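I've put the structures underneath this note.
You will see chain A twice below: alongside chain B first, and alongside chain C after that.
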Partner chain A sequence: MGDSAHPPHPIPHPNPRCRPLSFGPFLLLALLEGTVTAAVLALTAVGLSLVFGVMRVVNVAHGEFFMLGAVVAWFVTALLPGPTALVWLLALVIAPLIVGMVAIAADRLILRRLHHAPEATIVATIGLLYILQQAALTFFGPDARPVAAPFTWRIQLPWFGYSGYKLFVVLAAGLILWGVWFLMTRSKAGLIMRATQVDRDTAQAFGIDVNRVYTGTFALGAGLAAVAAVLVVPVQQAHYLMGGDPLLLSFIVVIIGGLGSLRGTLVAALVIGLGDGVISMVFSPTLAKIIATLLVALVLVFRPQGLFGAKA
Partner chain B sequence: MTAPTLKIWLVHLGLLAVLAAAFFVLPSYHATNMARIMVLAVFATGYNIAFGYTGLLSLGHALFFAAGMYGAGLSGLPALPALIAGTLAGGAAAVAVGLLALRTAGVSYMIVTLMFAQAGYLTLLYFGAVTGGDEGFVVPSEARLILGFDLSADAPRYAAALILFGLSLLACLVLVRSRFGRVLVAMRENAERSRMLGYNPYSVQLTAMAISGLYAGLAGAGYAVLFGYVGASFATIQYSILPMLYVLLGGAGIVLGPFLGALVMFYLIEGASSLTTAHLFVVGVALVVLVLFAPKGILGWVRGRIQSNGGATWLP
Partner chain C sequence: MKTKAFNGVSRRAVLGGIGAGLLASTALPGGAFAQGAPIRIGFQLHRTGIGASYGRWYERTAQAAAKLINDGGGIGGRPVELVFEDDGTDPKRGAEVVEKLTSQAGCDVVMGTLFSHVVIGSAPRAGELKVPYLVCSEGYHVASGMLNRWTLQPGITDVRCQIASMAPWVAANLGKKITMIFPDFAFGHDHRDFFTEAMKAQGGEVIAQIAIPPTESSFTRYFPQIPAETEVLYHVMVGPAVLTFVKELGEFYGTGAKPAMFGFIDSLEAVDIATPGLEFLEGSHFWEAHNRLKPADAGEHEAAYRAAVGVDDTGASISDAADVATYSHMFSTWETLFAIKAGMEASGYGGIADRQKFVEAMEAMTDLPYGIERPQGAKRFNGKTHQVFGVQNISQVQGGKLVRVHTTSMADGEYPDAVDYTTMAF
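Then we have the complex of A and B:
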């Protein structure tokens, strides 16, 4: 069909106020949306992947940490006075701190007492999921609430205008991911975390306080989910049930990328984010999710090291 | 009959007798609750066979429950054949999932079963034109007649729930006291050692899942026929968590555990709902507290306390 000026069957744009886009610009829009999804997803999934890699804990409550980040962002921006951009920046700092503290409490009070045994911690984090969801419902309410974007520039392309904030989200997520990579590969803390990941007992024998590493990793993972939520909440709204999709998608990304592999997680986030953006716009979002969940199950059964992970 | 065998049958048949007598004492509202609890206990009893006895911690049982529910609801059959159709649908779904999921173990098994159940739920939504999607559909009243009894009335409904639960409970009792029941426990305790003794873990676990799926299917079909409603909300993750919660609360690997867990949890949520709207909080706290402080559940604790006469042998 190409991007000729008058294609025979223009694909209707999801927003009916716009003129129908021809295929080329439509694909560009889908890819842009996919990139934003991929960036936010990568941040969330890296948090889940770190926790699984270092602690061997499958954190079912990870999506609720994401939700909590968005809810805290709403409270901060709604309650604090000041210019929009400044309070949003404050939320970007405060939300991961508060969510990180919730994670520290959860690790100290629950996961550590279970000695981080894999199956018991799954059951416990399911319980945590319900507790956090209920807390949000009780104190935040059942309504979806918007958070104002720190700025509202639009970038005018020849075919459509695109939100400058969304491009900023991609940029910010990239920077933070670079920071995580730097932390893990170039810092003492990262070295200690990787040592714990490879062999917990030997690390302990070398004087590493494994329990502290676990608590720190759990807080870092939760904080990354919260940061992702604060970045995306101006274009998505905060809601007490919003944790389900990020949890499912992060699971998909982490498993397809190879459990515990950071590089695999990043590649998979890009593939799944772009794929989800395109498939959801061209076909049905439900169909995209069915395919993705089945893919995850089959990958775990037939290729447990992931599609992009190295052989374990 | 040896002494412990007699005691075991007295305890389990005694519970069923008490439940039968309870109908004549309970007000209508609580009789309906008890019917619901008994159907949910059938579901949890099946979950107990997979998790409590065989050690398979599944997060996908909602799929088998929903298979039974839709198998009965969509078949258009009268109530009795619909129950059979639903039971078989639940078993078939469990075998299909088990064939693939049992190639993994532990955490991977949990995630694979979870993902299959989620795909099943999304498929129900995708084919909303047939399944009614999230809103579901009402089972027509002519499909709720069994031998001329109308299951929407209190007494036939309670009797039907009691018969379903009674048969499930006694079948489970016979199963876990049989040779095969001991093989299931051997799989839970050490699959590799059982393999060395000549048992194939894959086929034993698959059989356990099939039986568990038949129970879930029967419970789902029973729920559709007794309460007259079929909906995709019964395929959500929550309905995989609930039987796990009942089993953990009552006592995993104990025949009476699932019923006790369902009973206590139902009235715990009921009690909390009259005080606050925070019933999710009760479920969450119950899960955390159980896994932290009482991993053996109520009856497991009772069994641990009774040491005289060789322990509580009447609680298999």
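Then we have the complex of A and C:
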């Protein structure tokens, strides 16, 4: 098994340029990381919030739609030929479509048959969670698989380096959220969805096909989770168990912001995301999770409808 | 029609050929095919969960070893049959798998798995069932005396031994102010405790210890905790996110000033070192038990081992270059199977009634020379601590390849016994 002599090799010296991160840059990195978390979280949580707001369905399988988005992105980028950026853009279009179709099937086959009853759908979506997770395990496998980022531009700041792609994620998430807001407040589809949210029976009396609205909302919610996943998968890798964290954090955000409130979801995502970034860095990531969970408890005790939610 | 020749071959030639074949088959050990009821070896496997990439290669390696054993006549003339059962890389399920393999599948012995929390969770059940439990987990939990007489680790050295061999080299060649990044569970705690202690003995100092949960998927936020005066960044990471970990480390340091880096290859197991984003690792050093890139002066059995497990000279699968092996860990299943064979044959193992005799025979083992049974290198088994000792390698990333630059001696990794399992009751 080889000799134990030391072959000559370069001996690196600690670089005198390696200075401590003073508080300014330190805070900057914390805020950058926090903003990325907040952007992805907002996109994921908005889907959960929409589904609850319009359908009164607590979708426990929401994290699995997120996972499915990442897995589809891997398949698209691995199977389709072409430049990295182009196939990734294709994935950004194809993944939400496929995940949306899965959601439509789930709504037609399961939720509609339960008449979207709140308690029954919680149990049903728990089942859906396991079905989707095990399906991913069977067809995608147990490994974490990387998806190449559409570009690898990296910013070298004087104190540390940062991925340019992560900043793009923030920008893209912002644009999509603006699109969702536009859809909900400025389009006829949004008007119908809001009408169903306010009063299902009256909406139905006015000739709105509530079942179709529900199916569309469920697909939109799942599609938003999938978009968030395609954005995040180049920095995280696709893995069949990746749906757990986004689900938990989405629930935290939605409970704090108020179930069904878009504005509340956005504000809460920013608070949780930035808070997580800063507390994680200055103190520890575990403390950040403890504080977020404590915040949920406090909101549930003192303002059960959430910061921006209407009283049930 | 002539009767003398058949298809143009004479009867004499045919008879001669048969005779020669018979002679050859009795002369070659490969002809002595295993007979009788099979010896069933249960294998608790990380087929799913965070250890899945290890599990895939553990299964392939164990099957290749079993095939070689069976081709050579099995164990004591009986064929070997492996029974795999997924533990989900989960300690609770791990204990259930030991139970199932022992009670339902009727396995003679159970082979254990890699992740230390699964081994620690499963070993007590093996002790209660009185079934030999042979683990491949690297953790110090076997030699520390934490487990029981039925648990042995004959196929891979433990973290304490690995670190005892690495620390003097790191202190002498890279620097003495160390920051450690490690996974926050038993295996990582072994790294933390023993490396900190070993550096102190070398006149060095661990100035920061950064623990990261093994299920973490984002790492950038941990990096600002690395003190600026760090001379060496010591990293060991496990789980599905190891690639993200090294990529984010690269983004953080990038082209700026950075400390020297010393990693355990665990941070890169099953990951291609030529992946875009890992260029910053150039010039950094890694511990490897078994060199992924076949060294020019590799031992005589290296080629045969690689061919048997289906790995090429760069450490990737022969059939899929993107499927990189967990090369520094998977040999442990191969070597453990051959250790089981040696132990069973030495004890005259006949069935489950002889389990205790088998453990006693294992405890009597000492020198285990280099050979096809031990492709990683010669080893010495300590029957008192149930732990094997061996050599380690240090590689440097040169031109995007892991090149071996140092091999330790067996003595470098020795430490005083903390337990004598042979005095414990069965």
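The rule is simple: the second predicted complex is superposed on the first by the 285 of 312 C-alpha atoms of A that agree within 3 Å, B and C clash if a C-alpha of one lies under 4 Å from a C-alpha of the other, contacts with A are read in each partner's own complex, and residues count from 1 in each chain.
Simple rule for what comes next: contacts are C-beta pairs under 8 Å (C-beta built on N, C-alpha and C of every residue); 3 or more make two chains touch, one makes a residue touch a chain.
Computed from a predicted structure; not experimentally measured.
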item	value
Partner chain in contact with A:P304 - chain B first, chain C second, else both or neither	first
Contacts of A:L128 with chain B and chain C, given as first, second, both or neither	first
Which of chain B and chain C A:V58 touches, first, second, both or neither	first
Chain B versus chain C as contact partner of A:T185, first or second or both or neither	neither
Touched partner set for A:R113, first chain B, second chain C, both or neither	first
Touched chain A residues, chain B compared with chain C	C
First, second, both or neither for A:T202, with chain B first and chain C second	neither
Which of chain B and chain C A:L137 touches, first, second, both or neither	both
First (chain B), second (chain C), both or neither touched by A:L287	first
Common interface residues of chain A - those touching chain B in one complex and chain C in the other	137, 286
Residues on chain A engaged by chain C in the complex (per definition of touch)	1-4, 6-7, 9-21, 26, 29-30, 33, 37, 137, 141-144, 146, 148, 152, 154, 156, 159-163, 235-237, 239, 241-242, 245, 277, 280-281, 285-286
Contact footprint of chain A on chain B as seen in their complex	57, 59, 100-101, 103-104, 106-108, 110-112, 115-116, 118-119, 122-123, 125-126, 241, 244, 248, 277-278, 280-281, 283-288, 290-292, 295
Touching residues (chain side chain A, partner chain B) in the complex	58, 110, 113-114, 118-120, 122-124, 126-135, 137-138, 248, 251, 255, 284, 286-287, 289-290, 293-294, 296-298, 300-302, 304
Residue ranges of chain C in contact with chain A within the complex	47-50, 52-53, 55-56, 173-175, 177, 213, 216-218, 220-225, 227-231, 240-241, 243-244, 248, 251-260, 270, 275-277, 283, 295, 297-299, 370, 376-378, 391, 393, 396, 404-409
